[in-house]
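Have a look at this one.
Letters are used for the chains, namely A, B, C and D, taken in the order the chains are written, and counting of residues starts over at 1 for each.
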Amino acid sequence: MVMTFVFAFIIGGIICVIGQLLMDVGNLTPAHTLSTLVVLGAILDGMGLYEPLIDFAGAGATVPITSFGNSLTHGAMAEAEKHGLVGVLTGMFEVTSSGISAAIVFGFIGALIFKPKGNID
Amino acid sequence: MEKEQYQQLEQNVTPKPPYLKNVAKAFFVGGFICAIGQAVSLFYMIFFNFTEATAGNPTVATMVFFAMILTGLGLYKRIGQFAGAGSAVPVTGFGNAVISAAIEHRSEGVVLGVGGNLFKLAGSVVLFGVVSAFFVALIKYILVTIGVVSW
Amino acid sequence: MRLLGITLPLLAVLMLLNGCAEKEKFIVYGSPQNEGEVEALIKEEDFVDRTTVIQYDDSMLVAVQIKPWDKWKKAKLEKKLQKKFDKKYPNKDVFVSADYKIFYEANKIKKDQIEDNKLSDKITELIKLAKEET
Amino acid sequence: MVIVFQSKPSLLAGGVVAGPLENRSVFSQYFDAVYDDERWQMKTNEQGHRKMIEEACEFAMKKMNIQNGDVEYLMGGDLVNQMTPTNFAARDLAIPFIGLFSACATSVSSVIIACLLTELGAANFSLAGASSQHNSIERQFRYPINYGAQKPQTAQWTVTAAGYALIGKHREEYPSIEAATIGKSIDYGMDDPFHMGAAMAPAAFQTIQAHLEQRNQKIYHYDLILTGDLGQLGLKLLKGMFVENGVKNEELTFLRDAGAEFYGQDEAFQSGASGAGCSAAVFFSYVLQQMRAGSYKRVLLVATGALLSPLSYQQGETIPCTAHAIEITMK
């Protein structure tokens, strides 16, 4: 079990390093970087490579934003397998990405209890 | 002074980002966040009925909850300044983008402000996630139909 | 770089801890007793780190933990073991899982010494859990 | 480009109020008030911004013992959409008002207009200045306050401050404005909104050059040439441009930048301060007080502004910049 933590750390760290390189060397804004990584996650899942990565690194693969592209693609492909072409469209949110729903709910709650503050430390 | 000449001067004066330092910081902070995610996963597996396959969802939701607290207290932007992609790439960064926009636009009301601006920053991630998922699944469907690969 | 100084020793300690945590590699609980046979079957596969088998009557739950470096093949290896057990025990209802949760629960069954009459329900419950999709 | 004021309108008083973070500024001792609450006890950032402008104007008027009714014109602006904080402050101050937008160069462009009105004989007293409030500007031009994006070393920190000057007919014992230069809009093809200093430096250079040339002056005729908010890197670039133009390095010691000095050497603020309030706060507190004390006899204040919007940046436009200058003397 302990090794899973080590792998989660390393794989998660490496995905973040890819993001940092996109920002620093590629001169991308955070929004461009995250979008690129999401597309990357979707493509990796299309090639059947993302699930093995999750099996290997656990949260190291599910916590980075790439897993968002993975879960959407996974849903679409699972439905397409069952229901054909229509499934591609309907299956997307079948395997729900809890990231979105959590972000919406907590965003709403956060907006009610916090105020923006221009502090620096 | 000509434009080209000035651009030359600007290139000389402007410091390059400290690539190595930034990469190291992103690696360690990003890795650390994922390790916390692993701990949360383990927590859900041991105390609740989640398997390795299903623990991902509650883990992600919990991480976003942590992001809400840190964002609200103004700590996430400080982590972000230090870690760069290390805190932007994990799902907590996605949460931070949504939650910070929500908090920011609260002053314009819950409907027009929070509702209208919630995905101001994170919207592109949702867009590209869904669109790329659509095309990847479509391509795979076509490949399976013509018999190149199987599901 | 100060970070590196803190993290690397930490990782080293974690790895050491992992080495120390050597427990019983193979556990069988419940009836009937065919321990040796199952153990031999598992030992043939070197990707298996630890195994806990829960048996009751005709049902058999094989919870394995795959070695960290082989974990990326988890889905395939799970299937491979499943096939192997199905072949060996065609009359039994065998279920193989490499999921940590199932392994953890299986160990708990052993630890709590759950009685035979409840064992059947428990196994069905775990199989159902393991089959759950995200 | 250069306007010479025959009547030499005087800068009678300055009013500067700033936010809590500005307590760290090396200039904070010169400010009239530094508040603990960045929203001035108001509900929204924009309301706080408005309140800050009102208070700055009131401080300036109080110093000359005059009321709102005695002031003929109010010239000013800020960086928020349609400049609502300044517009709303003008509503509450009830002084005839024109809103001006020259981005961070508004602190000087407003003074130039006020001087022209004074020169015309249309005004005995007029208020001119600019302001910025960190939270409301950041959210408009960049990201929400609590968003964790990594700012590069070239970035600058938008100041929370309002600076307004009271301008009146010439009086011997006050600093007086002899001449002004209205700058062109200069675009050297810079497009990084996190590197404003680089975009603005050429504008400052051209305005200073034009002013010196047409006034037949050299840099050493001034005790101080103070630019608005180029930041540490922008100032470096400006000096570099002068050096390439044949000016010796030792002549450039009197060329300083308010944004580069504003927060001292604190690395948390990257390249320094920016925002319309940055130049206004320093010009109308530190500089005026130093001139009245006799430390400086002839000063050139050059406020620089980056004329971009989030829209123009996202559409891939480069950043045009401007710089306006006023020459102030003290007998």
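Convention: contacts are C-beta pairs under 8 Å (C-beta built on N, C-alpha and C of every residue); 3 or more make two chains touch, one makes a residue touch a chain.
Chain identities (UniProt): A = Stage V sporulation protein AEB; B = Stage V sporulation protein AC; D = SpoVAD.
Only a predicted model underlies this, so the values are computations on that prediction, with no experimental measurement involved.
Novice: When you check each chain against chain B and chain D, which touch both of them?
Specialist: A
Novice: Fewest touch steps from chain C to chain D?
Specialist: The least step count works out to 2.
Novice: Please indicate which chain is farthest from chain C, where distance is taken between mean Cα coordinates of the chains.
Specialist: D
Novice: Find me the chain with the mean Cα position closest to the mean of all the protein Cα atoms on display.
Specialist: Closest to the centre of all protein C-alpha atoms: chain B.
Novice: When the centre of a chain is set as the mean of its C-alpha atoms, what distance in Å lies between chain A and chain D?
Specialist: Here chain A and chain D have centroids separated by 44 Å.
Novice: On a C-alpha centroid basis, what's the spacing between chain B and chain C, in Å?
Specialist: One centre to the other, that is 34 Å.
Novice: Express in whole angstrom the distance between the two chain centres, defined as the mean CA positions of chain A and chain C.
Specialist: Distance between chain centres: 29 Å.
Novice: Centre to centre, by mean C-alpha position, how many angstrom separate chain A and chain B?
Specialist: Their C-alpha centroids are separated by 7 Å.
Novice: Could you list the positions in chain A whose residues touch two or more of the other chains?
Specialist: Residues 1, 4-5, 9, 23, 30, 55, 71, 114, 116-117, 119-121 of chain A touch two or more partner chains.
Novice: Which chain B residues touch at least two other chains?
Specialist: As it turns out, chain B has residues touching two or more other chains at 17, 22, 25, 28, 31, 42, 52, 56-57, 71-72, 74, 78, 83-85, 88, 93, 97, 99-101, 103-105, 121.
Novice: Going by the touch rule set out above, which residues of chain C reach two or more other chains?
Specialist: If we look for residues of chain C contacting two or more partner chains, we find 100, 133-134.
Novice: Drawing the touching chains as a network, do you get a line, a ring, a star, a complete graph or other?
Specialist: other
Novice: Would you please name all pairs of chains that touch?
Specialist: Every pair of chains in contact is listed here: A-B, A-C, A-D, B-C, B-D.
Novice: Okay, in this complex, where on chain D does chain B touch?
Specialist: 43-46, 139, 143-154, 188-190, 195, 198, 202, 205, 233, 236-237, 240-241, 244-245
Novice: For chain A, which residues count as touching chain D in their complex?
Specialist: 23, 30, 114, 116-121
Novice: Chain A touches which residues of chain B in the complex?
Specialist: 17, 19, 22-23, 25-42, 52, 56-61, 63-65, 67-68, 71-74, 78, 83-86, 88-95, 97-106, 110, 113-114, 118, 121-122, 124-130, 132-134, 136-141, 144, 151
Novice: Where on chain A does chain B make contact in their complex?
Specialist: That would be residues 1, 4-5, 8-25, 30-39, 41-43, 45-46, 54-55, 57-60, 62-69, 71-73, 75-77, 80-81, 84-85, 88-89, 91-92, 96-104, 106-117, 119-121 of chain A.
Novice: Using the touch definition up top, name the residues of chain C that touch chain A in the complex.
Specialist: Residues 11, 14-15, 17-18, 21, 68, 71-75, 100, 133-134.
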